[in-house]
Structure formats: structure tokens, C-alpha cells
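Here come two complexes built around chain A, the first alongside chain B, the second alongside chain C.
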Partner chain A sequence: MKYFKFLRFDLREGILKKYKSYLALACLILIAFLDIQTKAEAVGNKLTLGEYMFCIYGGIKRYVPTMGDPFKAPYLWLLNHLLILYFTLNYTPTDLNGFGQQTIYRSGGRLTWWFSKCSWQIIASVMYYAVSWLCLGALSALNGISPSLEITPTVFIYVPPGSGVVPFDRLNLASELLLLPLLTTVSLGMLQLTLSIIIKPQVAYIASAAILIMSSHTQSPLLLGNYAMAVRSDRIITEGMNASAGIVSMIALSVICAALGALKFRKYDILCKEE
Partner chain B sequence: MIRNELKRAVFSRTFLLALALMTLFAVLSAVFYIEEWGGYNPNALNDAISEDGSYRFSPQFPLYSLLSAWLGGDTLSLAYTVFFALIPIGSALPYAWSYHTERKCGYLKNIVSRTTRAKYLTAKTAAVFTSGALVILIPYIINILLISAYIPYNMPWAGFNLYNRIYFGTMWADLIFTHPFLHMFLFVMLNVLYGGIYALLSYAVSFYIKNIVAVIFAPFVATLAVGYSENLIYSRYVATPVRFELDPTKFLHSRSVQYMQNPWVVLLITVLLLGFAVGTVYIKGGKHEVF
Partner chain C sequence: MAIIFKEVTKVIGNSVVIDNVDIIIPSNQITGFKGINGSGKTMLMRLIAGLIYPTTGTVSIDGKVLGKDITFPPSIGVMLENPAFLNGYTGYENLCLLADIKSEIDSDRIKEVLNIVGLTENMNKKYRKYSLGMKQRLGIAAAIMEKPDIVLLDEPTNSLDESGVEMVKKIVKAEKERGATVVMSCHDGEILDELADEVIEIKNGKIAGRYFPHESER
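Right after this comes the complex of A and B.
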């Protein structure tokens, strides 16, 4: 029961009252949509909703360091993840330095508080994606775009896949476009939440930013961001990332972070917190 | 006052943390090049580049020299990518948040009742700028010293500009072919200046946002937004084939990693950012409610 009270409070304070951040993300999606639409119309292409999503969540092709060809960061992909992680970074430490401290004393449920924060982190990330998807869905409906999540090789004009493309005519990338970017943000959010308790929120955000930037530069299963790039999926390129492995590793990371955080928080000094 | 602020800015755990973070990537970049290009066997290198006892010139050699391997000339490693991306965070981390904390804990009340606000703001601005600048300068020095210990210097050849990534007309392009070390020095100084500017921007943001984490990371997120916007602007509105770099973390690189660096654009952006930061500090800081 206590858990639900905590969670209800977190949903109100950490999601409803942060509506401006959802609007900011919706603006980013709107700008990205209009940009892709202009590019598609310029060459007479009619993209599906899946192809729009591929342009936004697709990421960037595997980078092969070559003299004269410096790495170019996938800003839209980075912004999508780092904005959500930025918006969710400070809620827990702020709550712990204020109202949260009181609720922990009075309820005596430290672990309940912690698991409520973990649930909030997951729900908040899901909500940010839900807003993005709703925004994309509404824009597609308004512009008469097919709601199919299938992509065709035409989309490679906008997000080139590099070498070793698996031949296909049409491909349904629902898990790579919907589930994996969301799971990446959730697992990095959980890592960030745990690090912000164990070390500091500043270090936690630097870790998230570094993981995502390194993921965009180097293709490796150890860099989780790679799973969130549909263009590096093994269904698109021969030496790509496997979605199942990504799902398992991201769920494992989230569970480990929640458990580590719970262990740390049981004996955490909540009184001596300063910025 | 300035001495006290400088001491607090530089002899702090956050300064060490930021310095360690930036130095880590500067050293990793150096290690990457030393591993790839470092002459493990000087005799073999000598044999490869000499003929009948005298050196023969190959246009390939200048590409694999100190000037392409130092952090500002690196266009290949993962470490340089992260280093440049993290410049806004690394610079802000040491001391940019201090005004926010001093106001919140009441320290500021004690200061402004003992000295003038202008003196306090000047000392704080100097300390914030210096801490941000040092966090960028020291990793550069370590990187250049490490690289120069293993990888020889060779005058770059203008014919290989596609690989050099120094286009004709880009900022200080002529200097690299005449005075390459001056070119290197100017870019290091530009980076150091931006270390200070990013720290000041975070400091300025603390007059608008009452959240320490948001204060530190706001310039980083804004820089990402600029990086995305410049591609958007160029693809939608600017048809010209000559495109100038607007994102500071990219024009700080001595090579054109995406678009060309134009000195006037760099100057304009620098003046605007510096003007915003210093203007906010003195105008908002002068009126800010302390008591």
C-alpha cells in the first residue's frame, strides 16, 4: 500500500508537474518530422510511419575510422536519449533532499521509496516515448502517411546503412523502432538513477552521455546504445546487433541497477546530503 | 578576493574530477595514435623512409605525423570524439555551479555584506573562467607531450587536403603549411578560451535556473541542439555548397570535421556567447536578490 502511495506521489510530482519537458520532446519530434518530410518531398518519396521512425531512432551507420572521413555524431538520436535522461536526472536527488526525506522518516520504508523511484524512472521514460509516438502518429494521420511500421530500402537515402546490407524488399522493424530505443533509455535511466544515489547525479549523467556518444562511434555489444540504432540491427546489416541479446542485456542491467541501488539505499545516510 | 576564489576553484574535488575526466580521453587519444603510428623500431622506420642514405619524400608521411595525431588533429579515435563532446560538461563541472550553491546556503549574504557585489562577481567570473580553461589546457599539454615523445613531426603537404581535412579558406588554413606549431598553439588557445566560455555559460545559466544539475548540463544539451540545428538549417534553408561550422565543439577542432571554420563566424559566436555570459553575470548578478 505504501508503495502505491509513494508511486502516486512520484507520478504527480515527477511526471504531471514536468509537462513542459514532455512538450520540449514533442517539439523536437515535430521539428524532426518536418525536416524528414521536406527531404522526402524534395525527391518525391512517400515514406511510411516506420520509415519516419527509422530516420529518428535509426541512429547512424557503423563508423569505420578512415583518414579523411571523421566521425559525424547522430545529433537527433543523441538528443532523443540525452534529453529524456536530462529531464529525469534530478527528480530523485531533489526529492531525497526535500519532501522524500520526510516521507522516508514517517513511513519507515526506505526500500519502498527506492522501488517507487525505480518504477517512476521506468514509467517516466515510457511516457516520454509515448508522447513522441503519439506526436508522430498524429502528424502521420494529418499528413496522410501510411501507419505501417515496415521500411523499404528507400529509407537508406536518409539513413545510410554502410556496407554489408542484408537484401530485403520490405521489413517490419517494430521491435527495433519501438522496443529497443525505449529499453535503452530505461536501462540507462536506471543506471543513472543508481549512480546518482551511489555517487552523484553529475557523474551519472556524464556516464550516460559518454556511453551514448561512445555507442554512436564504436559498434560493440558492450555499448548499449548500439542496440537502440535500428540501422545497426542484424536484420539490416550482416554484422549487426542482435535484438534479443539487446533486450536481455538491457533488462539485466536495469534489474542489477535496481538491486544495487536497493542494497546501497538500505544504509544510505539521507540526512547529510548537500549539492 | 580573486585569490581566494581561484584557490577554491582549482583546489577542489570537482576540479580534479573534471580534470581526470578530460585527461582520461586526452591520454586515450594519445595511446590510440602511439599504438597505431608510434615508431616501435626506429631502424625499420629509417629504412622505410630513406634511400641511399638520404631521406626520400613520400606525401603519405606527413599524414602520419604529430600534427595529425595530437588531440586537435585527431579525426579517427573514439577518445577525441568523446573529449570534444564533453568539453561543455568538463569545463562547467569544476566551479560553474558555485554561485548557485553559495546563494542557496547563505554564504553569499556574508560576502556581499563585507565587500561590493562587483568585486565578488569579478572574482567569481575570473575563477569560473580559469577553472574551465585549465581543465581543457592541462589535458592538451599532456596529450601533446605524450604524442611528441613517440610520433615524429612532419610538415603537412597541402596536396592531401582531403585527408588533412584542412580546406582552402578555412580558418588559419595557411598557417598549418607555414607555421604548423603556431596553428596548433592557436587552436589550443581557442579551446582553452572555450573551456572558460562554457564554464561562464553554466555560471550565467545559474541566474535563470534553480537546479544545480540543470545548470551544469544546460550548455552541453544546448550544444547538442546547435549541432542538430546546423544540419537542419543547412539542409532546409541554405543552398550554398560552402557551409560554415556553427557548433563550437566542432569548430574547436583544428580540422574541419564536418563544415569549414570561418574566422568571422567563430568570432561572432564567441562574442555572442561571451557577451551573453558576462552580460548576464553583471546585469542579473547586480540585481539578484540575495537577502
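Right after this comes the complex of A and C.
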């Protein structure tokens, strides 16, 4: 019962009251959409909603170091994840240093508070994606864009896949474009949440950012960001990442982080910042 | 509710903030912690509240060891130094949010306690507009509103004017009369000597002395 009271509080304070951050993300999506639309219209291409999403959440082709082909970071892809992780970085530590100190002892248990924060982290990430998707859906409807999540090889003009492309005419990438980017943000958010109480929020954010940047540079199943790049999916390239493996890895990471955080938080010193 | 510290040491980072402390705080007594800033008073408060646990030794509440048998004392009200509330809510709303967790008291009791601390006129003002003294009063209200068995007040007279200090004295006496075990810290020895049944002096995380200010009256 107390868990639901905490969760209700977290949803109100950590989501509803943070509406400005949702607007900021919607602005990013709007700018990205207009940029892609301008480029597509310049060459007379009509992209589907799925192809717009591919340009935003697709990431970047596997990087193979070669002369004259320097590494280019997938700025839009990175920005989407980093913004959401940044927006969810300080809520929990701030609560623990402030008002949370008055609520936690009233609850009678530490884990109620912790699992409420884990739930909030997941729900907040889902809400950020929901806002992005709603924004993209609305922009597509307003511009007469097909709501299909299918992509055609035309989209590779904007997000080149590199070598070893699996031939296809049309491909529905619903899980790669919707589920995997969301799960990546959720699992890195859970990692960040746990690290922020074990070490420091700033260190936790740097760790999440490092994983994302390293993922864009190096294709490896150990770097979870790879699963969030649709252009590196095994449905697009022959030596690509498998969606099912990504889903299992990310759920496992989230569960491990929640469990480790719970273990740590049972004996955690709840102090003020100055202490 | 009796509180017993048994050979308690607390290390945070590389510093020993509480050093092998033994304290017995009897039930329904006012106990004062006296010491300069950084002496360890607030850490002792946090140990009683269950917000931190000893590195070695035990803190027990009515025989139940914190961090082992119980996570937090079952009935406690805490006002730590510089209490934190939500800026976007009024004083009344902040207390309602806290009261909602245990659901033990109603809005009438919240209004009553706001009246006790002298905040009735400002109860509908946003917390961000509160003066330091008003914030302190709200912190005290939060600590006593649920009529807990243990009341912890860390520097309750900070930022308060003379009338505020008198209000604190009245509240502390009333809490004892109600049957609560009151633990308060203060750097002002006079206030402690007036209110406390026992004063424990803390220096560098150790007990530097203890006395009973009203012993001669017994």
C-alpha cells in the first residue's frame, strides 16, 4: 500500500511536474523531423513514419577504422538517449537528500522507497518515448506521411548501413524502432539510478554516456547501445545485432541493477549533501 | 521507548564521526545532546532515526536492534537540521503529503499542529516563500504531528526569534507530558539545561561528559 503512495508521489513530482523536460524532448523530435523532411523533399523522396524513425533511432553503421573515413558520432541518436538520461538523473538523489528523508522513515522500510524509484525510472522513460512517438505521429498526420513502420532501401540514403546488407524490398522494423531504443534507455536509466546512489549522479551519467558513445564506435554485444541502433540489426546487415538477445540482455541488466540497488540501499547511509 | 547505544562507532568515508559511544536514553525523558558544530550530534540523531546504521556496535529501540530487527523505529518524528520540504506546495500541503504515508492523522490534527507552531496564518503560503524561522517551525510541526513515541529535534531553535524559542520549549515539555521520549540537540547550553533531564556533551564523536541539570530539584 505504501509502495503505491510513494509511486503516486513519484509520478506526480518526477513526471507531471517535469513537463518542461517533455516539451524539450518534443522540440528535439520536431527539429529532427523538419531536418529529415527537408532533406527528403530536396531529392523528391516520400518517407514513411518508420523511415523517419529510422533516421532518428537508427544510429550509425558499424565503424570500421579506415584511412579517410573518420568516426562520426550519431548525434541525433546520442542526443535522444542522453537527454532522457539527463532528465531522469537528479530526481532520485535530490529526493533522497531532501523531502525523501522525511518520507522514508515514515514508510517503515527502505525497499518501498527504492522500488518506487525503480518503477518511476521505468515509467518516466516510457513516458519520454510516448511523447516522442506522439509527436512524430502528429507530425506525420499533419504532413500526410504514411503511418507505416515499414522501411525501404531508400532510407539508406540518410542512414547508410555499411557493408553486408541483407537484401529486402520492404521491412517492418517495429521492435527495432520502438522497443529496443526504449529498452536501452530504460536499462541504462536503471544502471544510472543504481550508480547514482552507490557513487555519485555525475559519475553515473558519465558511465551511461560512455556506454552509448562506445556503442556507437564499437559493435559488440557487450555494449548495449548497439541493440538500440536499427541500422546494426541483423535484419539489415548480415553480421548485425539480434533483437531477442538485446531484449533479454536489457531486461537482465535492469533486474540486476534493481536487485543490486536494493541490496546496497538496505544499509545505505542517508545523509544530507553537506554531510 | 528506551534507546540504547552499545559501543557504537560510525565511520563515513575515512572519518570516524561517532567513536565507541554508549548511551542509554530512558523512556519518557528529555535528553539533550550538547556540542559544537561537527561534534557528532546530528549523526547520533541519524543513528536513532535509522537513517544511518553503526559501522560497529548497535542502536536498539525497546530491545529491537536497528538495521537488524527493525529498519526504522516504529513510531518516530524527526526534525533534522535544515528540514527539507517541497517548494511548490504550501506548508499545509507539505504536511498533508507526509501524513498521507501513515494515514494516522486527519486534516484537523494538521491544522492543530500548525497552530501549535504558530503557522496558522501562513499555512496556505508556498514553502518557497517561507522565512528560515517559518521553515524551522514547519519542520517541528512535521516531527510532532503524528504524536510519535520518539521525537528527535536537531537544533530546533535555529533561526527562531525569542517567541519561537519559547514555543519550542513549550512543545518539548508538552511532548514529554504526552509520554514521548524526546531527544534534542542544541549548541545553546542554557536551553538544554532548562529543558533536559539529562545532558550529554559530545566532542569529536565521543561522549565528553554527562550531567543531570535538575538533579538538585529531585
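The rule is short, and it goes like this: the second predicted complex is superposed on the first by the 271 of 275 C-alpha atoms of A that agree within 3 Å, B and C clash if a C-alpha of one lies under 4 Å from a C-alpha of the other, contacts with A are read in each partner's own complex, and residues count from 1 in each chain.
Please note the rule applied: a residue touches a chain if its C-beta (ideal position, glycine included) is under 8 Å from a C-beta of that chain, and two chains touch if they have at least 3 such contacts.
As the structure is a computational prediction, the values presented were derived from the model and not from experiment.
Engineer: So, does A:K2 touch the first partner chain B, the second partner chain C, both, or neither?
Structural biologist: A:K2 contacts chain C only, not chain B.
Engineer: Of the two partner chains, chain B (first) and chain C (second), which one does A:N90 touch, if any: first, second, both, or neither?
Structural biologist: Only chain B is touched by A:N90; chain C is not.
Engineer: Of the partners chain B and chain C, which touch A:N242 in the superposed model: first, second, both, neither?
Structural biologist: So A:N242 meets neither chain B nor chain C here.
Engineer: Using the touch definition from the top, say if A:T152 reaches chain B (first), chain C (second), both or neither.
Structural biologist: Neither partner.
Engineer: Just checking: does A:S175 make contact with chain B only, chain C only, both, or neither of them? Give me first, second, both or neither.
Structural biologist: neither
Engineer: Is A:N45 touching the first partner chain B, the second partner chain C, both, or neither of them?
Structural biologist: neither
Engineer: By the touch definition at the top of the document, which applies to A:G109: first (chain B), second (chain C), both, or neither?
Structural biologist: second
Engineer: On chain A, which partner's contacts cover more residues, chain B's or chain C's?
Structural biologist: Greater contact footprint in residues on chain A: B.
Engineer: Name the residues of chain A shared by its contacts with chain B and its contacts with chain C.
Structural biologist: 275
Engineer: Would you pull the chain B residues touching chain A in the complex into a rising list?
Structural biologist: Per the touch definition, chain B meets chain A at residues 17, 21, 63, 75-78, 81-82, 85-86, 89, 93, 97, 100-101, 104-105, 162-165, 211-214, 216-217, 220-221, 224-225, 227-228, 231-232, 235-236, 255, 257-258.
Engineer: What does chain A use to touch chain C in their complex?
Structural biologist: 2, 5-6, 9, 13, 17, 97-99, 101-110, 267, 269-272, 275
Engineer: Which residues of chain A touch chain B in the complex?
Structural biologist: Residue list for chain A touching chain B: 31, 35, 38-39, 65-73, 75-76, 78-79, 82-83, 86, 89-90, 93-94, 201-203, 205-206, 209-210, 213-214, 217-218, 274-275.
Engineer: State the interface residues of chain C toward chain A in the complex, per the touch definition above.
Structural biologist: Answer in residue numbers: 12, 42-43, 46, 49-53, 67, 71-74, 76, 78, 80-86, 88, 97-98, 100-102, 142, 146.
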